[in-house]
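Quick one: the structure is below, and I'll ask about it shortly.
Each chain carries a letter (A, B, C and D) given by its place in the written order, and its residues are counted from 1.
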Amino acid sequence: MEKTSLEQALDQLDQAVAAVRLGVQDLVHGQGAAEAAGAAAHAVSGGAIDPFVFRFAIFVLAIFVGYYVVWSVTPALHTPLMAVTNAISSVIVVGALLAVGIAASGLATGFGFVALMLVSVNIFGGFLVTQRMLAMYKKKEK
Amino acid sequence: MEKTSLEQALDQLDQAVAAVRLGVQDLVHGQGAAEAAGAAAHAVSGGAIDPFVFRFAIFVLAIFVGYYVVWSVTPALHTPLMAVTNAISSVIVVGALLAVGIAASGLATGFGFVALMLVSVNIFGGFLVTQRMLAMYKKKEK
Amino acid sequence: MNANFASFLYLVSGILFILALRGLSHPTTSRQGNIYGMIGMAIAIATTLALATPSFGGFGLIVLGLVIGGSVGAVVARRIAMTAMPQLVAAFHSLVGFAAVMVAAAAMYAPESFGIGSAGAIHGQALVEMSLGVAIGAITFTGSVIAFLKLDGRMSGKPIMLPARHLINIALGAALVALIVTLVLTQSHFVFWLIVLLSLALGVLLIIPIGGADMPVVVSMLNSYSGWAAAALGFTLGNLALIITGALVGSSGAILSYIMCKGMNRSFISVILGGFGGETAAVGAGDGVERTVKQGSADDAAYLMMNAQKVIIVPGYGMAVAQAQHALREMADKLKANGVEVKYAIHPVAGRMPGHMNVLLAEANVPYDEVFELEDINSEFAQADVAYVIGANDVTNPSARDDKSSPIYGMPILDVDKARTCLFVKRSLGSGYAGIDNTLFYKDGTMMLLGDAKKMTEEIVKAMDH
Amino acid sequence: MNANFASFLYLVSGILFILALRGLSHPTTSRQGNIYGMIGMAIAIATTLALATPSFGGFGLIVLGLVIGGSVGAVVARRIAMTAMPQLVAAFHSLVGFAAVMVAAAAMYAPESFGIGSAGAIHGQALVEMSLGVAIGAITFTGSVIAFLKLDGRMSGKPIMLPARHLINIALGAALVALIVTLVLTQSHFVFWLIVLLSLALGVLLIIPIGGADMPVVVSMLNSYSGWAAAALGFTLGNLALIITGALVGSSGAILSYIMCKGMNRSFISVILGGFGGETAAVGAGDGVERTVKQGSADDAAYLMMNAQKVIIVPGYGMAVAQAQHALREMADKLKANGVEVKYAIHPVAGRMPGHMNVLLAEANVPYDEVFELEDINSEFAQADVAYVIGANDVTNPSARDDKSSPIYGMPILDVDKARTCLFVKRSLGSGYAGIDNTLFYKDGTMMLLGDAKKMTEEIVKAMDH
């Protein structure tokens, strides 16, 4: 389906571009030409863009954020950092929830349930152990 | 149109959810139920998501990146920083190009042309003056 | 070109802009960074042309616009004096602001070309984004023009305080919001232009009450605004490069404003409300108390420095005014040839723009590893024989440290008074931009070298040759 | 729930995760950060439940899974000894890896529920993303299990070197790529499970040749992997929270690996290829040359330190093994009560995990502002009377500085030899993990306190009371 929608978008674009050319050459800036231009611009402005592109952009920017945010972590807290990244990577739980919650296959529900259990260990274990560690870091009493 | 497509998505979701409920209660995991679940999940997994959400996500992450990247600029280069941000903010030129290139209205083309000229001053002026400044920063000769 | 691929390319150009700013973390990587920025811009332009495939006539117009604007830009960039950077940046901002208004107007008149609906039926969301973009753009435009005029000295730096100005501004702001709502409801071109007009007026009114010397903060703030305007239009156009860039520029301006306010120990709000600072007041020591000042000649200064072991040079706005950086470098060379250790100390708000002094010193071929920030060098004044303060004033004023009643109390300063001798090059005993008398002039260890910074430094260089 | 609003909430939870990591930039903000992380997770879970609206039975299953897993996790988190952190983190990683495999399998068997097509007609793009996710997940699983076993001492730390292992790994990797292509073409469940199996095997084979003491790098690397696996599945599910988190975790693991390799002055590649380090070799000074060692008693040590002005404590892996941190704190308290200045110096790779020593000291209530990183304290050893090295070895070995032929040459070390006296608490003259003799033991200023770190420190505390 990806391919077809992509091809569709391409076709639309081609048609639209052709229409625009005609319209512009026409010199009469009538409604027809304007609409054709609109179709072209629809593609231009992202109406037809595959969500993958956006996700990829988000992924890349998040890597930049990760780079900076992790380098700013103080070395004294590197162990809690490992524990908390562990905990947050358990957000994969959303997949497990979908599988258990709405899967139309018994096997899938089973797999999801196993994933859910494992990942719950991580969520609770990860955040709580981080909490426990962080609670120990104290300043000198004055 | 935003509203209607949003409402459409909502309606689809409602229908799909109802279908899933039926399907799951049905206990017979036939093709029909599976398809209904698919429709629900289509909404779940983002097929129906407004690009605005993605753009917003990109915007927010870019602010994080900007925050970190600018704080890491050395104070000695704050003047070039102002010059180069000036230059890159001229990427608004894409709007001007659309207006000049494919606008179906004479006025719009005119506005676009003015924008294009102004912004070109900025693009060339900004990058070149930055270049000129940066070329002056030298290390001690040993 | 495929729309997906185009979006991907816009992302690449956004990433290249991030790398451009990232390069500025160090002088050695900065040139590479600037090249990334240029490539990013080229990609964005090429992608747009490939995507929109303009007609032959359209293409001609585009080339024409790029060539006219580009050559003006290139000439300006080559000719401009480094001391005029603050003005130049303000002028460039005004262009971006106006361009944002024009792009929004084009989108208003030819919504189809931008994919935001058709004439009279533009999407509500796009209208909101656009009107935000246009309002911020227009404010940026007139605000930057005022900032430019004040920085360039074509307009008095004195704050212009209208009566009830806060009330007027609030009323204008409210009217703006009402107009935006009306625009969304009516799609009227007339309302659109009203928004533009109102915003232009607001830009003027917001900036005129702010004193000339606060203009650097204003320029940064407007830089930030132009970023947000670009981002708003980026949402309208669905353009990733524009959204990312807008966010970057927006944060950059905001952070620079913050750094400057911190360097002055003032709140951002107090700067923006205006009324502070004006013409550099030449008050002299006319406050009744008779105080003695030790004045020196170029020969005295030359003798003192040639016999020193360590000299720290503190440049300020006066060095920029006098264009004294080259003479200063010559002087430092002489000293170094004579075995004296020379360093430069830069206060975060020395001059009229962040990093202003660094650029001027770099222009005069001072290696950047001899130039230090306040926190890195402040402890070294105690070991220095001479602090050579050239055209700097407020950033050395000890009342910021000692006098709780001083308006600049709390501002971090360079501890030049800790040096054995402190030489002050300026034209008079007048105060700096903050209009505050500098008690340092009357201290024992201080010697005033009254005169133009460039002339005085050149005379010292000559005296060193004897 | 509206799908747009749900996406927005996923974004919010991603942002909260960023803030969670950001909080770790300082101990005072870290607790708040961890709470942001918890809120982010709660939002992600609640959003998914609201979006998918499971049936009553499904909801029951979900609660059951959360309760079982959650209570196990909570109990483990409460009971685990701080010294066992490296193992715990490895174990947790293995769970995430396995969960990723299970989620991908569920998606394979019920693609409709995940919106990626229908059985036998799953989108090609989704299949690629999924198989990447499943392969990385499976490698993370078995790799982490091996790392856990080695770190926990249930498996020998000795590298297990199969003949032609590089060839085997390359062949397996190629097979994996071929299988992924086949999966996209055939959509066969059998191929899917083959991918899982192969990846599980690859995880084992990749990690067994790596020595026990390199496990911290491995754990970080696998942390990074689990992030990329999560991101891959995030693409499949179109879930912003998962994509952002994956990128964060991926970068975090990569950066930590980099920091550790830098701290050891080794290349990441050489660590991953394995074969380095094994059982802590108890070689002693048996290299032919007779060298004298000054041995001391607890009384000697107590006397020396009580009469010192400044003592710097250097903890290492041995302190963790002996659980000596509490005794150490007591000793420091005694010293401080006696007017001695006490500081702690932490090497970036002291112990068996980045930040390992800091956590243990924090557990023993040592204030974090008495604990310093290598670059901040290294110059102070020259002014210290005593360096009290407890269970550390390689990180103090001067041959890293002086001996070009040493395998650890170039690794930054703590300059304990610059202190007037250097006390070494360890059980023997054996070497540390790198298996290299420490020339410091035979130096004049060194006094060896042979014995278990905890017992020896307790004896010193007692001796101080006399």
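The rule is simple: a contact is a pair of C-beta atoms (placed from the backbone, for glycine too) under 8 Å apart; a residue touches a chain by one contact, two chains touch by 3 or more.
A quick note: this is a predicted structure, and the numbers were derived from the prediction, not measured.
When the contact pairs of A-C are set against those of A-D, B-D or B-C, over half line up by residue number only for B-D.
Computed centre separation for the pair chain A/chain D is 27 angstrom, with centres defined by C-alpha atoms.
The mean-CA centres of chain A and chain B are about 13 angstrom from one another, to the nearest whole unit.
The mean-CA centres of chain B and chain D are about 37 angstrom from one another, to the nearest whole unit.
Contact with two or more other chains is made by residues 14, 18, 52-53, 55, 58, 110, 112-114, 117, 237-240, 244 of chain D. Counting partner chains per residue, chain B has residues 20, 24, 34, 37, 40-41, 44, 46-47, 49, 51-52, 54-55, 57-58, 60-62, 64-65, 69, 72, 98, 102-105 touching two or more of them.
All chain pairs in contact, by the document's touch criterion: A-B, A-C, A-D, B-C, B-D. Taken in their complex, chain B has these residues touching chain C: 1-3, 51-52, 55, 58-60, 62-63, 65-67, 69-105, 107-109, 111-141. Listed in rising order, the residues of chain B touching chain D in the complex are 6, 9-10, 13, 17, 20-21, 24-25, 34-35, 37-38, 40-50, 52-54, 56-57, 60-61, 64. Only residues 20, 23-24, 29, 33-34, 37, 40-41, 44, 46-47, 49, 51, 54-55, 57-58, 61-62, 64-65, 68-69, 72, 98, 102-106 of chain A touch chain B when the two sit together in their complex. The touching residues of chain D, when paired with chain A in their complex, are 10, 13-14, 17-18, 20-22, 24-28, 30-31, 33-34, 37-38, 40-41, 44-45, 47-49, 52-55, 58-59, 61-62, 65-74, 76-78, 80, 82, 85, 88-89, 92-93, 95-96, 98-100, 102-103, 105-110, 112-114, 117, 123-125, 219-220, 223, 226-227, 230-231, 233-235, 237-253, 255-256, 259, 346, 348, 353-356, 358-359, 362-363, 365, 367-371, 373. Those residues of chain D that touch chain B in the complex are listed here as 1-4, 6-8, 11, 14-15, 18, 51-53, 55, 57-58, 110-119, 237-240, 244.
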